[in-house]
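One chain, subunit A, appears in both complexes that follow, with subunit B as partner in the first and subunit C in the second.
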Partner chain A sequence: MKPAPTLSNAFLEPGGQSLPTPLLELRKQRGTALVDMPLPTRKTENWKYSSRHLKLTDGLAATLPATGKDGLSLSLPGYRVVFRNGVMIPEASDFPDLDGILIQRFGDLDDADAAALAERLDNTLDSRAVQMARLNSARFEDGLYIRLDKEAVLDQPLFVVHEVTGTASGSAYPRIYVDAARHSQITLVEEYLSSGEEPVMVDSVTEFMLADGANVTSVRLVMEGENVQHIGATGVRQAANSRFESHCVGFGGPLRRHDLMVRLEGEGGECKLNGVVVTQGKQHYDNHTSIEHVAAHCNSEETYRNIAADESHAVFNGRIHIHQDAQKSSANMNNKNLLLSTGAEIDTKPELEIYADDVKCAHGATIGQLDKISLFYLVSRGIGRREANTLLTMAFINELVEQIPVQAVKDAAQLRLNEFFDQTFEEA
Partner chain B sequence: MLSIKNLHASVEGEEILKGINLEIKAGEVHAIMGPNGSGKSTLSQVLAGNETFEVTEGEVTLNGENLLDLETEERAREGIFLAFQYPVEIPGVSNLQFLRTAVNAMRTHRGEPEMNAAEFMKLAREVSKQVDLDPAFLKRGVNEGFSGGEKKRNEILQALLLQPKLAILDETDSGLDIDALQVVSKGVNALRAEDRAILMVTHYQRLLNHIVPDYVHVLAGGKIVKSGGRELALELEERGYGWLGVKDEEATPSAAS
Partner chain C sequence: MATTDKEVNELIKREYEHGFVTDIESDTFEPGLNEDVIARLSGIKKEPEWMLEWRLKAYRRWLEMDEPDWAHVGYPKIDYNSISYYSAPKRPEDMPQSLDEVDPELLRTYEKLGIPLHEREKLAGVAVDAVFDSVSVATTFKEPLAKAGVIFCSISEAIQDYPELVRKYLGSVVPAGDNFFAGLNSAVFSDGTFVYVPKGVRCPMELSTYFRINAANTGQFERTLIIAEDSSYVSYLEGCTAPMRDENQLHAAVVELVALDDAQIKYSTVQNWYPGDENGKGGIFNFVTKRGAAIGKNSKISWTQVETGSAVTWKYPSCVLRGDNSVGEFYSVALTNNYQQADTGTKMIHLGKNTSSTIISKGISAGRSSNAYRGLVKFGPGAEGARNYTQCDSLLIGDRCGAHTFPYIESKNKSAIVEHEATTSKVSDEQMFLCRQRGIDPEQAVSMIVNGFCKEVFKELPMEFAVEAGKLLEVSLEGSVG
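And then the complex of A and B:
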């Protein structure tokens, strides 16, 4: 049997060196372990629909150039940290110095904080499941460490903007670690944007560690262009009575992959995972989620919607694992899909592993098309076909968009989705 | 205003309309009655432009313009309005958004500026009162969870907002209790105007007690077999359809087509 391919040497070179020593050491150590890491192929179960879209050419291994140009980000109210090509741009960032809350780029951490972070990095991720996150751990050049002390509350949403400029080919490794102590609270909005035409790979990792009673809301907007492959992983660990809410809105590209892994490790934990994906042209989007009910008395609610137009392809793989001791678990997973053309493809797969006997667990998946009678009803009122299609398509995901907690983000997502559908239905 | 000549239409190869002729002038109210399966709803749907039905022969003009050449949305913009027998529920699209989008599509077509959200809200609240529909329904999904009567009132609300030239009411009375019937009738009567025609499709004559038609036509087997004035409806009520040589299927009114 042919051995699985591994990363080329170009990817084994670490990036820039302007990090505190503990992080440089961690990166080096992770890099050593990459040498014989098998890359996903179509025989890798969790990459079977997506491995052929994963392009790891040597050109993509290059570090992206430093840039200070004006950014692309939407101007939304809240605190802001801007990373461009994987490195923070202080002059584009604006966030407060608050008691009990540390918000700092990796490069500026003192040795004690850097050592504490190096202890924690990767501890929310199952590294076997997320190969590409391991590449991030070996190559990140900067990142954002957010640490909330006991009962600290960030009073406004924090926008972390990750832009890549495709003026030259290469890759960026955005990294965020959120350490939320007892009863602390934060809303974090990750926004992924791009400009330029040259092929770029974004390999991002975001981790959330929630202590007892912590309350974290995560919004993730993936809006990069056609030149960008984005492979992202989000790891979440929740202690007792903590609450985690995730809202992902993703626009397709040559490859979009997101692994979202949540572990409910303490009793009374709750998570809500919402996701909206839209794809068109020949785009590809693959969401893999995993919810582990490790402790008893936890609730998980998961709702994902995919809309695929043209010849695009969307994948949803939702795993729920209820451990033996996780009695009285409640898990709900729902995935609805809308195919806008006969050439589009959506693959959906629930994966339930239940080892406890006293649990409530439900899952459902549907695939459908726009309803012709509804469309006739709308156009019979003089509404144009394009607008009618857009209304019906938005209706399919409105319920989820409405739940995005930050009004400005909700508006921005709605605007972008409307533009997307208008474009999709242009020829209709 | 509306001129139908020798209209034939079929669905999935089966001919439903077999040569309809009908002239409707501005200001007139016409009622089309007939037993189930006679083609009443098909005629409404064909006029509105439902592509499920194929027009195989004949001609329909609205103010001299060939209606059959127009897309559904273009017909609506030229003034055709169909109040659906079964209004469609569209969860996720708010009634208000739907109504405003429709009104603005019409305004744009007429070269008028679009109404903003606040202006439209004011108008929609006023018109809601006219059909006795709680303005709270504006915020709900289109027809979502509305009762039968609420759906019909929402149809009339749309007609009042869109101010069509020809309003086609398809079994608007079906499923209404007497109170709702009065509210709906009041709304329809408010639509009556010199420059507007109304075509009511109905199985029963009770609606015609509230909205008095100028002409009554009997549709049977895909053709208009008899036309007359208001008195024809009363005669049908009394004698059924049998005396016209039409098979009377009044015994199964629940299966209204």
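And then the complex of A and C:
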């Protein structure tokens, strides 16, 4: 048997010099643990469908350089923080100083905050399940630390824009940590964009720690170009009576991977995970979600929709795990897939792992094409074929798009969707 | 709920009815596995050269394979060299030609198991190819079958008498390199059943084999091959019981079904092997590869199983739907109790046009057991207009058991449609209340509810098995409310 491939030493380069000491130490320590890290292969269960799209060539090892704000055109409402290649650009960022809310880049944290953060970093993620997040922990150059004190409420959505520049080949390691104290509230929007043409790898990690009664909404919009492999992980831990909502909208690329792991650790916790994925050409998108019901009386709702056109490939793997003491849990998972052409492929695996008896769990999954009768109905009423296709495809995901709580994201997503419809459906 | 709990405990504690050991001297190999053992095994069976070659090739292949670890089961590592690979009832040279010649001790064993061969011959109209350990000792009803042109014999006999058929189809559905346990079986399979239904023949009766594992430390490696020629029909029943034993016994069977144009095969199983005692000690390890190839157009393969036994079950009866318009079905009830572990399900591989498949799986877990459904539904690029419907329901009884669902769905054809649904629930207090309020005692009420839960599957079983299946569930679960 061939030995399992391991991470190239080229990826073990030192860096992070601008980080405060506790974080730099942590980063070094994580780096040492990375030596000979096995890379996922086809035999790695959670990378079964995606490992062949992961191409970690030595050319991607170098950290992309921090650059200025040149060429950035941003007109986002609300508060915003802009990162380029994983490093914050203060000149492009715009957010006020608010009572009880700390929004700060890792590089500017004082020693006490940095030490507190170093304690917490990685504590929402199971590193065995998200192998690639370990690389981020060893390579991040900067990051964003958001801390909400008790009952602090961020009155507007906070946009965190992560742009990578493909003017040269390399990689970037965006990182966000959100610490939401008791009854605090925040809406965080992550936007992933890119420029340039050279092959680039983005390995991002976002973590949310929710204390009792905290209310966090996370919106994630992935719109990088065809030169970008993006591997992302989001870890969430929820204390009692907290509520977490996630809205992910993703457009395909050579490799898009997102692991979303939620742990409901206190009674009365609630989470809602929505996701929309659109792929075309030879793109590949892989969403893995995991919801752990650790405590009793928690609810989870999950709805993911995939649309695959041309020769693209969309993967969904949803896991619900009800622990032994999580009685009275309620979990619902639903995954619907639309195959728009016969070259495309959809793989879905909705899993249930249940160790408690007094629970209500269900999952459903479907794969199909646009309903011919509905198409006929529309066409027979004088609606063009292209428009009819567009209408029905949009209807397939509209329910989820409508639920996105931030209008600007809805608009941006709709714009990209319209492009997709134009490219996919021909007038006939 | 106090009464109910007590009753649950009583029922759960009920001893295995079929636990006894028949005292017969066995001609058994020393434990261990190597090429010599295989050659000796093949020699005893007087197999032709090609068969030995086939076994050895499978063995060499097996040596390079790793034991799979992806299933949701845990068991102590099996030392394949501590197992004996052949065990036959005494006087293997002197095979009995009719029931009169059969060792009376053996016949009594069958009777205790409820397989009175004499009666069955006359009353049930079922031909029984009873397998005691590894060699078929009695085969009945051969003649009426022969009249119809149906071949129903042990696989050892088939290798002697119908080598061209065996050579053509053996390993064509489950190749030796398919998986670890199939590889092991291919190298050392001891005996099993061979069925051949010629063109246009509807098999005049339900065919049935009763398996029974006996003699300590003997792994049993059954091999079943069923071939249904164009426009033929056959229904095959398989049922199992095993004596009580402390040491784990390994069972790695392979079943291959081949359905040609317009042919139909219906394969039903009731599996009731020794599941181990209430502390999870002992019990059978059951690693089975079952697969049907619907090669022909409009062919149909239907699997129905009721799994209540074995300490560890690893079993995925599958259909490869190659022929256009072919149909695959899988109906399953899997029940686990105490420390039993089951990882079972099916694979439906759609390759032909307009192929369709249905999966209905009912899992019931009680005690500290773990019950997993693992399934694959796959549509190839050529599976134009293919269709699948899957329903997996789990019922949990008690708060220390686990129920899991791992469905894999892969589609490469846009016109293929797949629907998958899974639910998990327990016997609800409302259902119990409703029944008890009407004067039904809790034991009967649960029996009713569980039977209702499994009804969709039971109705697919042939009459003979439906009765046994209902009884089996009653014994293990009646009255259990968490």
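Criterion: the second predicted complex is superposed on the first by the 414 of 428 C-alpha atoms of A that agree within 3 Å, B and C clash if a C-alpha of one lies under 4 Å from a C-alpha of the other, contacts with A are read in each partner's own complex, and residues count from 1 in each chain.
The definition used in the following text is that a residue touches a chain if its C-beta (ideal position, glycine included) is under 8 Å from a C-beta of that chain, and two chains touch if they have at least 3 such contacts.
These figures come from a predicted structure and were not determined experimentally.
A.B. asks: After the overlay on subunit A, what do you see for subunit B versus subunit C, clash or fit?
C.D. replies: Once subunit A is superposed (C-alpha atoms), there is room for both subunit B and subunit C without a clash.
A.B. asks: Tell me which partner A:373 touches in the superposition: subunit B (first), subunit C (second), both or neither.
C.D. replies: first
A.B. asks: With both structures superposed on the shared chain, find the angle between the C-alpha centres of subunit B and subunit C as seen from the C-alpha centre of subunit A, to the nearest 10 degrees.
C.D. replies: The vertex angle at subunit A equals 80 degrees.
A.B. asks: Please work out whether A:384 is in contact with subunit B alone, subunit C alone, both, or neither, and reply first, second, both or neither.
C.D. replies: After superposing on A, A:384 lies in contact with subunit B but is clear of subunit C.
A.B. asks: Kindly classify A:136 by the partners it touches after superposition: subunit B alone (first), subunit C alone (second), both, or neither?
C.D. replies: neither
A.B. asks: Is A:399 touching the first partner subunit B, the second partner subunit C, both, or neither of them?
C.D. replies: Once the two structures are laid over each other on A, A:399 reaches subunit B alone.
A.B. asks: Check whether A:327 is in contact with subunit B, with subunit C, with both or with neither, and answer first, second, both or neither.
C.D. replies: Only subunit C; A:327 stays clear of subunit B.
A.B. asks: Just checking: does A:361 make contact with subunit B only, subunit C only, both, or neither of them? Give me first, second, both or neither.
C.D. replies: second
A.B. asks: Check the residue A:341 against both partner chains and state whether it touches subunit B (first), subunit C (second), both, or neither.
C.D. replies: second
A.B. asks: On the overlay, how many Å separate the closest CA atoms of subunit B and subunit C?
C.D. replies: Minimum over all C-alpha pairs: 16 Å.
A.B. asks: Could you tell me which stretches of subunit A are touched by subunit B in one complex and by subunit C in the other?
C.D. replies: Shared contact residues on subunit A: none.
A.B. asks: Show me the residue ranges of subunit A that touch subunit B in the complex, using the header's touch definition.
C.D. replies: 371, 373-374, 376-385, 387-388, 391-392, 394-399
A.B. asks: For the complex, give me every residue of subunit A touching subunit C.
C.D. replies: Contacts found on subunit A: 45, 324, 327, 337, 339-369.
A.B. asks: Quick one: in the complex, what on subunit B touches subunit A?
C.D. replies: Per the stated touch rule, the residues are 48-51, 71-73, 75-77, 81-82, 84, 87-88, 90-93, 97-98, 101-102, 105-106, 109, 141-142, 158, 162.
A.B. asks: Per the contact definition, I'd like the list of subunit C residues that touch subunit A in the complex.
C.D. replies: 70, 72, 379, 381, 394, 396-426, 482
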